[in-house]
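What follows are several structures.
Okay, so subunit A shows up in both of these, paired with subunit B first and subunit C after.
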Partner chain A sequence: MNTISVKNLKRIYKTTTGVIRRKTKEVEAVKDISFEISKGELFGLLGPNGAGKTTTTKVLTTLLIPNAGEVKINGLDIVKDANEIRKQIGFIFGGERGLYWRLSGIDNLRYFASLYHIEPEVSKKRIPYLLDLVGLKGRGDERVEGYSRGMKQRLHVARTLLHDPDILFLDEPTIGLDPVGAREFREVIRDLQAEKKTILLTTHYMFEADSLSDRVAVIDDGIIVALDTPSALKKHVRDLSVVEIETFGIAEIVVNKIRALPFVDAVSTREQDQRQVLLVQTERGAEAVPDLMKSLEGQRVGRVTVREPTLEDAYVRLVGGKS
Partner chain B sequence: MSIKNLFRYWRTVITVAEITLRHQWNDSFILFAVLIQPMVIAILALFMLRGTGDNYAMFVIVGSGLTGLWSSLLFISGNSINGERWQGTLEALVAAPLPFDVIIFGKNLANVVQSLLSMTASYLLAALFFGYSLEMTLPLLFFSSVLLSIFAFISFGLIIAPLFIMYRGIQQWQNAMEFPVYILAGFLFPIALLPGWTTPISYILPPYWAARALHETSTGAGDLSTIIFAWGMMLLFSFIALFVASKLFKLMLYKARVDASLNTE
Partner chain C sequence: MRIITNNLRLFWQGTLLSYIALFVWLRPTTYIASKVLMPLAQILFFSFLGSYASGGTNVDFYVIGNAIQIVAVSGIFGVTLSIGGDRWNGTLPYLFGTPANRMMLFFGRAFMHIFDGALGVVIALGWGALLFGLDFSQTDLFALGITILVTTISTCGLGLMMGCLSLITANVMFVNNTVYFLLLIFSGANIVLETFPNWMQIISQMLPLTRGIASARLLISGSSLAEVTPLVLGELGIGIIYGWLGFYLFKWVENQAKRKGTLDLV
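Up next is the complex of A and B:
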């Protein structure tokens, strides 16, 4: 039996405006998603902003009711058996929110331990163990408001492990962390993997998904566009090369012009300080550079490099260059 | 909330209350709701009742303490749910396997206990600055009434909490909910002064029976039988409030999960 099973999940948000003439607007955040996660697997969920990653995670963590579909965790139904499921899962939503800043780290953990009905004798031992595990030993008595972003994230991990859940949902846990903090956090995730926890990880960072996930689902506009191991996903772009062109203040119209070129497969841009790096996927590799430069005439262009594709490029191709 | 859950999770209730108190005492609004506002009401009422005797002063002290208690429940408990939403902790609370009303019971316990300060402050104000000789007529029965009133106010507060979970904009209505309870529960003057049609509404409010028991035991206006009757009614309507609250919590939490209103994002 799979630990997590999602079949034809659909979730719509309704917003209303106006007092007398009320207008209702519907947004289909998740259109039709199906996947399964087996015990001990780390499953990555990738997608651009608004693709439906967080909505999917919130349904799985019992915080949202699906409009249609069947979601089961350890064979339990997400709507009918929400309370039983809550005992078996833990979750972290990215960012600094979700903690009591005016309380110390230890008081935060004591509070959440009481909500999971953990006996005080047990939590007295477990809290120092977890603080040590996440690298906050000796800092537990300080108020959370004085913690760095990375420390807050690590406190989130300690909070979610208080009741030792077998299933973890990590929604963009490294968002906003500095590179060192993110690397340390990935080490924590690896430790959890080694403990055979079943983990669903949503992330924007391809490197993170590539290095941590057993399988990755790419989600776009509420549907899964690809689901495979990271190495199999990379095969989607095996026949392509990526031309990286450094530009300064390039207009969207020029990007669209390049996107329309017959030999171009996908184009995305990456902001880097005050530069925009154009990432052009093409079968022609270095041969495409002169034609690309012709299309960029009149633009300020910096360094140009040609490289092999990565998982990120596979992702860009799958979501149509939206990143 | 069921009484079974209250006994089962009593330790959680105490921990939630303790940590809520610690968290809240870092917020200066507490000083206003718990001390300043009830003292202003007490000063106004004591000036109005000057020369009317010590019993009236005691009535005012208990009454102004009750206003502090209700304001604290309405504003601090209510705002704390919206505060949880803003700081992103409401989802973590809802996703805990514990019944949500147990958590709110603990939070309300903290608010009610800290609000007893209102009554103490009003008492000291009347004794030290207005020179009233304040003696509790039935001290043991008064303190028993205080304990039962804590339960009554917490239970009544639990009915309001689900509305704060469901409706983000309910804060606009908080002021409108404050004075009707002061008046209908007879905190500062007897409900006999109100039109007859309001009396049944007063009777179904646990704070009314709490106010009656506290007034009767502090001023000596009631005998043992009327006090016991007030206790019985207070408990009866408190249990009804707990039952109604548990149904409302289930309904509102389900609706909040449908409408995605547990977070601000």
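Up next is the complex of A and C:
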């Protein structure tokens, strides 16, 4: 049986602007989304900013009511059985907010333990265990206001595991973590996978999604544009190569010129220190380089490399090189 | 039985932690200073002003009125901060995402402020005895204690409602100050209610504190518990009404947040 099932989910936001002449605008954040996650599966949710990932996650965590569609978790209805579902799920919305900064780490956990109706005897053992698990051993007595960003995010992980939920929703849990912290975090996620937890993970880090996910859904503008295993998604771009060109202060107009070249499938840029790295997807591989160079005449160009496509390239292809 | 004791323990733990977490003035020294000096300042100011205006005949009236009025500091400011604090901590989504019993959660936010507020009144009455010779020799102290507690509870009831408003409106402090000063006027702490026009008296009767202050004045001048019972019950009733309105408002806020996706709530 599927642990999570989402059928034709739709969610609209109404926003009002203007003080005197109020105008109501509707944003269809999630237009029509369906997917299923089976027990023990790690399901990655990818998509550009504003695609509707957080909105989807909020509906699944009982924080938003859907406008249409049906969502079931462990067979329970997300609207009718919200309170029962809350006992079975844990969730994190990335970032450092959502903790009581005046309390120590331990007291934060004790407070949330009381909200999950966990008996003090149980939480007394569970809290030290979790602090150890997330690498906060010995820091639990300090006030959260003195924690670094990474420490706060670790505390969030401990918080959401307090009641040992079987299902976890992690919305950009590694955002803003340093590389070592992010790697340690992925180790924690792997441990949870080994415990057969069902996990929905939203991330903007492709290698993270690639290495952790059993399946990935790419969502764009409120709909799912692809849903498959990472390796299957990569097959979509198997015939392509990626030419990476280091540039310095390249103008958008030049990028668009390259995008318009007939042998170019997609172009994205990545900021790196003072440089912008152009990622050009093309079937011609290394042969495309001379033509690309011609289009870049007059630009300062650094290193040029040609490589195999990654999940990120598959993603860029799918969402049209927007991000 | 076990379930009940467990629930009580959870309630207590949650209550205590949320009090520490959300009540921002709680640095020990600041707290003690505000607890001791705040009542002193208010009593001195209004009692001198009052006795000057009334020709020094009726100091007790102002001393008692302002001493009881002190509960509004905990009941309005404290409770509002305890409810509204979740907004600036960004904890509301995490709170609303738990299966926590909403009633325990909500009323738990006010619980410690009841004792905090009552303590403030006792300190203020102490200042009254010390500085203005307030005389308790005729007073049924047990009855006075009940009056203080009930008045604190009812003021916290209003505070719970204001706290919910602070989840909706942006300007918490403005709301707080307005209510505090409205209470200062309408509670009769510094003005004889009978001198109010009719409509103002009606408002007075609909607010907490009014009956509590009247009851305390009667008790200190020698009335018995039986004589003030209607006042005390009325005060309690008012508090319960505001508390319940607050609770429904709280549930409504949660519901609206889930419906509308109100930005900083979820």
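Operating definition for what follows: the second predicted complex is superposed on the first by the 321 of 323 C-alpha atoms of A that agree within 3 Å, B and C clash if a C-alpha of one lies under 4 Å from a C-alpha of the other, contacts with A are read in each partner's own complex, and residues count from 1 in each chain.
Simple rule for what comes next: a residue touches a chain if its C-beta (ideal position, glycine included) is under 8 Å from a C-beta of that chain, and two chains touch if they have at least 3 such contacts.
Treat the numbers as computed from the prediction; the structure is a model and nothing was measured.
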Subunit C versus subunit B on the shared subunit A, clash or fit after superposition | clash
Name the contact category of A:40: first (subunit B only), second (subunit C only), both, or neither.
-> neither
Name the contact category of A:120: first (subunit B only), second (subunit C only), both, or neither.
-> both
Interface residues of subunit A shared between complexes with subunit B and subunit C = 13-14, 58, 61-65, 83-84, 86-87, 91, 93, 97-103, 107, 110-112, 114-117, 119-120, 159
Subunit B contacts subunit A in the complex at 9, 11-12, 15-16, 19, 22-23, 26-27, 87-89, 91-98, 103, 254, 257-260, 262
Once bound in the complex, which stretches of subunit C touch subunit A?
-> 6, 9-11, 13-14, 17-18, 20-22, 24, 26, 89-91, 93-101, 105, 257-261, 266
Footprint of subunit C on subunit A - complex, ascending = 11, 13-14, 55, 58, 61-65, 83-84, 86-87, 91, 93, 97-103, 107-108, 110-112, 114-117, 119-120, 159
Write out the stretch or stretches of subunit A touching subunit B in their complex.
-> 13-14, 58, 61-65, 83-84, 86-87, 91, 93, 95, 97-103, 107, 110-112, 114-117, 119-120, 159
